[in-house]
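To start, I am sharing the structure in question, which I have written as structure tokens.
Chains here go by letter, A, B, C and D, matching the order in which they are written, and residues are numbered from 1 within each.
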Amino acid sequence: MRDELMSGLGEECGVFGAFDFDGEDVSSYIYYGLFALQHRGQESCGISVTRTFEKGKNVQFHKDLGLVNEVFDKKTLNSLEGNLGVGHVRYSTAGGWGRENSQPFVIHYIKGILSMAHNGNLTNASVLKEELATTGAIFQTNTDSEVIAYLIARERLHTLSIEDAVRSASEKLEGAFSLVVSSPSKLIGARDPFGFRPLCIGRKDNIFFLSSESAAFDTIGAEFIRDVEPGEIVTIMNGEIISNKMRTTKKQASCIFEYIYFARTDSFIDGHSVYKSRITAGGILAKKYPVEADLVVGVPESGLAAAVGYSQESGIPYGMAFYKNSYVGRTFIKPKQNERTSGVQVKLNVIRDVVKGKRIVMVDDSIVRGTTIRNIVKMLKEAGALEVHVRVSSPPFKFPCYYGTDVPSKENLVAVNNTLEEIRESIDAESLGYLEIDDLKDLCPGLSYCDACFSGNYKGGEPIKEEDIGCC
Amino acid sequence: MRDELMSGLGEECGVFGAFDFDGEDVSSYIYYGLFALQHRGQESCGISVTRTFEKGKNVQFHKDLGLVNEVFDKKTLNSLEGNLGVGHVRYSTAGGWGRENSQPFVIHYIKGILSMAHNGNLTNASVLKEELATTGAIFQTNTDSEVIAYLIARERLHTLSIEDAVRSASEKLEGAFSLVVSSPSKLIGARDPFGFRPLCIGRKDNIFFLSSESAAFDTIGAEFIRDVEPGEIVTIMNGEIISNKMRTTKKQASCIFEYIYFARTDSFIDGHSVYKSRITAGGILAKKYPVEADLVVGVPESGLAAAVGYSQESGIPYGMAFYKNSYVGRTFIKPKQNERTSGVQVKLNVIRDVVKGKRIVMVDDSIVRGTTIRNIVKMLKEAGALEVHVRVSSPPFKFPCYYGTDVPSKENLVAVNNTLEEIRESIDAESLGYLEIDDLKDLCPGLSYCDACFSGNYKGGEPIKEEDIGCC
Amino acid sequence: MRDELMSGLGEECGVFGAFDFDGEDVSSYIYYGLFALQHRGQESCGISVTRTFEKGKNVQFHKDLGLVNEVFDKKTLNSLEGNLGVGHVRYSTAGGWGRENSQPFVIHYIKGILSMAHNGNLTNASVLKEELATTGAIFQTNTDSEVIAYLIARERLHTLSIEDAVRSASEKLEGAFSLVVSSPSKLIGARDPFGFRPLCIGRKDNIFFLSSESAAFDTIGAEFIRDVEPGEIVTIMNGEIISNKMRTTKKQASCIFEYIYFARTDSFIDGHSVYKSRITAGGILAKKYPVEADLVVGVPESGLAAAVGYSQESGIPYGMAFYKNSYVGRTFIKPKQNERTSGVQVKLNVIRDVVKGKRIVMVDDSIVRGTTIRNIVKMLKEAGALEVHVRVSSPPFKFPCYYGTDVPSKENLVAVNNTLEEIRESIDAESLGYLEIDDLKDLCPGLSYCDACFSGNYKGGEPIKEEDIGCC
Amino acid sequence: MRDELMSGLGEECGVFGAFDFDGEDVSSYIYYGLFALQHRGQESCGISVTRTFEKGKNVQFHKDLGLVNEVFDKKTLNSLEGNLGVGHVRYSTAGGWGRENSQPFVIHYIKGILSMAHNGNLTNASVLKEELATTGAIFQTNTDSEVIAYLIARERLHTLSIEDAVRSASEKLEGAFSLVVSSPSKLIGARDPFGFRPLCIGRKDNIFFLSSESAAFDTIGAEFIRDVEPGEIVTIMNGEIISNKMRTTKKQASCIFEYIYFARTDSFIDGHSVYKSRITAGGILAKKYPVEADLVVGVPESGLAAAVGYSQESGIPYGMAFYKNSYVGRTFIKPKQNERTSGVQVKLNVIRDVVKGKRIVMVDDSIVRGTTIRNIVKMLKEAGALEVHVRVSSPPFKFPCYYGTDVPSKENLVAVNNTLEEIRESIDAESLGYLEIDDLKDLCPGLSYCDACFSGNYKGGEPIKEEDIGCC
């Protein structure tokens, strides 16, 4: 269940880029594009634009803490004039550096100005930072992105083009990164050799786009062209897409949790439909953990598709058990621990008539701490459900993610120190079934993916220092 | 489809009241209660509280334009100290009187201070206002509520109690009203003799509640006691609920559109489950307008339950065709007419894999102007749907509502000047089926209801002057 | 010393009106007019405008807590379209009714809409309120102004014109009131029979103005025409000023403290220059309390002119002893009691070179609690002043004002319970001289004035109930 | 005349530092310190603090656009916990980089974190920036300060201490700089070898301070210790002040315009009283340009002291001719060109009784474009002044300042292309007298100063590139 009110998974970041070769302003495209990616980050956002072909024209940008619809008003958006630009939404971070860490990152360097937006997490940022610091570098943020910008600026000193500099810099990075960079006349996208985080290309007439997810293209009426490949650098200039490859090649390792939870149901990543993968997950759960029941329900929003899959496979009717209140905003006053109502109750309510006297199969995408699901099972039973059989469309969460997901530390992961039976008991479910690690391969047939948070198999390596654990 | 971004139905208002006989503060209950009623009004909101048993202690209140989570922060909420209070959420109104019109209405009168929140629309407000003006009354808002407050104050001059004054005043009102009033030591609820708008009573330990909808009780962990009856005045004092009846009795006429669209799926109104009535509506549509199809989908949120009903009756599988972006806030920049993206696209996206190559039955709650549904059908077809059969879980909208719903004027209602076939063609659907007026009686078996917006049968009379058309 | 940071005198309110007979918008005139009157009230402000000759056009208004430059931005100001309007600045009030109490007061009544701004304090408001309440009136604010509006509305029922209604209503009021009222086609000014609070008429081409102080006319380039006379009602319509008189006539009693402290130095009230009256006060002090000294200094801003007067009379050179920091705004964090710096120090600093080794005569307008002046004397001495001789350009403050000034209660007035010598000692001055009550007659020769706060001689009567003590 | 509403001189920046060796929080000292320096910069401000002796404790900072009392509320100020910190107020800058350019500058570098605040303008920033860029540096602001931070970080690689790094870096800088730097355990102040911009040391018990002006010490009750000398680096650590000198020594060149206009009247800079220098300037004017007149008046605030000096020397009485409205805030709506009122009128009004029928000597600190003074002369004459003799307490402004003052470009300086007589005529004064360049030496006897803006004698060299012209 995706929910800022409850203990859960931190989401990541989203990046977006646009280049109109007819010279029209793109800020409004970026606004709606970021809005479509808002689920990937709610702490801060920003847009940076430039007018190509007008030498000396400065980059314009605006970024701040808040949701896309809070940070930008009409006046601000209209003041961002330029036909080339990048945008970013950022997941919540701790500490007072919030505003400083917001992106896009806009820098002056040897060749002028560039803007950059980054999604992912480097595992060697601290080492790179130290190397840079020993040559006198100064850092004004807490982000990996600043390290990347530095490397690009340094590489640009002895490369022929900005795309070459992005490539050379990329070859020094370890971990996860999907980058969108705008120079005075180019829009560049880059994806790490594993392709942990998604990045794709879209187009509408003479306007080219880069986006974390394809769903953003639908929102603005653009066409999906293709994914940026792992280890690829795409340079959009003169109305063309030019492709380059990093020398560091790796076996692709798309984040499987994008399919299970992060991405929008209506996105396609690396050739696979997010929706289909969730339907499949539900189907597998139905086959592995059949149960006699009257109704299959999903926990909104991320559990709904898997519930449909379970229903289709099992033949047990699908139902809507919950009303979800979507008016919760950033300034919502969360109920205190000992208060009369819990965060779950405020946001979700059981539709009594749906569940009363019924044996329920309830599908959710994952269990992190276990608190939320315990509350939901309780609500179902108080509303009259006779039995609640919990099915989870991912394997048990046991390991931290080093590639851009903010997972709580091990001691907070219920699956680390508890057996399946202990978890079942603690959430008061009649039965409990998780997907198994081996099942993941069927979600996106043929996809080469990363499942480190379930398996501990870190294909991209582990972080060099503790400071390298983070995201975006 | 409930949507502030698109042309559609204006929603109404929501009222809430709380009285803790143990003397604890109730502002936080009212906050979460209003939050649960937020779908009934997004323009403004307010809370007023008083401390009973402390003579001379002033009423504290706060109200402003904005959503519940915008208007109240922790500091403001904590400053509202009192064990008796009322709250209000208000639907958007035109003109510069926005802030003045926000409620609760707090007045000093002959007997001290009272606070009042009102949902509904009077049909004789202009006449009452004129009568009051001819005796020198002044009005500081544009609301019917101010008229009601005046009448209560005047009646109080020659009645023995505040509840008697509320009763006498109520007997002079025509049209729709559900009132929640707090005097220094009583919480009073009143509902017009037709019972157009809902109002119900809840309880948790020694705390009593009044609410527009029962779902608010779930949110705060309270128990639903019963509905306030049409023409009833309930006085909550000394830990008891005292019932009085207005002398004007009428045949009950609960608003049927509350069941179809307004109310939360998880609410119960006048003994009927909103959810069940929607399932039933879907079932009737399936029987009346069967079609060979591959999938039944609902337009979120209000069309989903009826879609489940259609699916259950027809045996055609239910599917989730849409991703809904819920980050749209009050300050969202709406796409311009000629812009690259429509309001519908920004908020809803089709999940391509669900609909591609499929024959779709699409269920929505109502068609107002026809613009929104045309856009959605278009999106489905662009995503590859072979056929789209539209089913509407209400009869065609042909008449304005005078009892608290903000329906566009007749010339904007597509069903007024177009035949069914013309509507079908204009929205490019393969087939189109509406519920018939006569079907409404099956939604809530035994309920005596108002269907004036479909039938033109105004049980509560028509407004005396044009100014009397409005709401809340 | 005028200072929000320190214990002192509450200021009052300011009113302004404008009517352009050429039909141009007046909101910008009212904005600059209110800005010029900002010293009269800093809590809230508002502007209400109407377009004459356009029947049915609604009144537009905007009011809120804050300074003129905070409450109005360009967009809001431009949205206030109309060639007739009134404005108000309001002094700080206690309690949560702040925003409700802000003015202008805009009401619908039997004859349409009228807007009203009021400066003063009624002494019979509670009685009038009770009378109104016993006929069913409701009150939505804590202000006297609402009572006045009610009376006007009631009188309008049996008078031929709005100006007649204002006159009849005025004849029922006791205490202080300067009113500015706009009806759909008239701008009306009224001043109580004593003329406690100022009100004057200005003109610029075809635009007529009403203002609390003449200085506002200078700001907008208008010409001062004349004062509204005590007990006069002026009606500005059809390009003319029509004068009417209330039947209740009284001996004029202009507030002498306007000259001493409240009004701007550059204003003229009832034919007398505020500046000159302060110069005169300083001169009297010099004659009555001569002292051998090196320098005369004034406490900014209100003590400066009297210091110049003292210097001119005594021949002792005038000097600037203080630097005043004028960046203190509403949100300034005041130093805590036990903190390292006092409110006075933050706002005022002594220019050491001016006072070091000097015997100083320091002139201030009044002493209320005595705390501020004690701090200032201390600062002077720490900066090296050898002697500090305090001269006060008003008599000792001993009585509350019932006519629109917010004076602390008696127990907080240092002059009530202390002898002159005790006060001198407590503020550590070498000598102390106040103006005597009898001297006041020389400040504005020939003026008939009220000096109740010094003499206790309440020409306008005392308030009937305790609730009648207040202002605006 | 100091005025944001009118064409005039840009002010500069202000810096402040505090170190409490008893370990108490210093943020509130810095708040009041910056408030006392607010006249030096109104665009943005910031505070950065650290807790010494607590290893690993992060720096806390907050900075934003706005005045000190707008940017900081109680909650934010209290959240800045630390006993060592620096603060900055910044003068308005063009472009969208406003917020990015706000200070203190907080950087992570090889040795941890340091915070820095800077007042001044480098003349070789572009060259240094280019040098840094060619080794891969990236810049995130438009400020010289970022260049200085880079240099310090680089020097720190091969110096033994942070103060050594500051010294080495300082030796590479050309132009004007007064720096306040905090490392994890030291507070460092540095002033360029010319000492263009002021910087001084204060103390209160065990708390040490650095400040642009001594007046800030009075505000917080601290004692002035001494000025930081030109070319000196002071390191405050372990309760001591350690002094080091840069190897680059120059002849001192204190900015003379600080005395004439920038600094507060109550400050002492480099051993000279600002007040006294202004009195002297007024005296010189009286001797050089005597005139038969009735009254000497000063233009508030910066012209007042010189007017007192003129009065004392000439024997012509001093008077207060103007009422100044100090409620003008950042959001004040400035009158449009063609509007009914000018910016000057809104802010200043002539006190008619003071000037009517009088021959006036009016003293102001400087004439930039001539527009403001023309308006003021006009206002005096409209108020009845018979003659207006303008005396300017500085020589004619003819050259840009490269050391931290924002002077308009040459074509906007009225003295560049007009003779004295032409200026006199254009401002409609009966006579006009400027201080002569040679007179400046008498303002602060013995002081070695810079008068480049009057003489064109750039002791610190001219900027290498156009980009080097700027401030702070």
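By definition in this document, a contact is a pair of C-beta atoms (placed from the backbone, for glycine too) under 8 Å apart; a residue touches a chain by one contact, two chains touch by 3 or more.
Every value quoted in this text rests on a predicted model; they were computed, and no experiment measured them.
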Graph distance between chain B and chain D, where chains that touch are linked: 2
Farthest chain relative to chain C (centres taken as mean CA coordinates): A
For chain C paired with chain D, centre-to-centre distance based on mean C-alpha positions, whole Å: 36
Centre distance in Å when chain B and chain C are each reduced to the mean of their C-alpha atoms: 48
Whole-Å gap separating chain A and chain C, where each centre is the average of the chain's CA atoms: 60
Sequence positions of chain A contacting 2 or more other chains: none
Chain D-touching residues of chain A, taken from the complex the two chains share: 58, 60-62, 79, 95-96, 105-110, 133-140, 149-150, 153-154, 156-157
Residues of chain A touching chain B in the complex: 28-29, 31-32, 35-36, 38-39, 42, 67-70, 72-74, 77, 204, 215, 218-221, 264-266, 268, 273, 275-276, 304-305, 308, 311-312, 317-320, 322-323, 325-329, 331-333, 335, 339-341, 345-346, 349-354
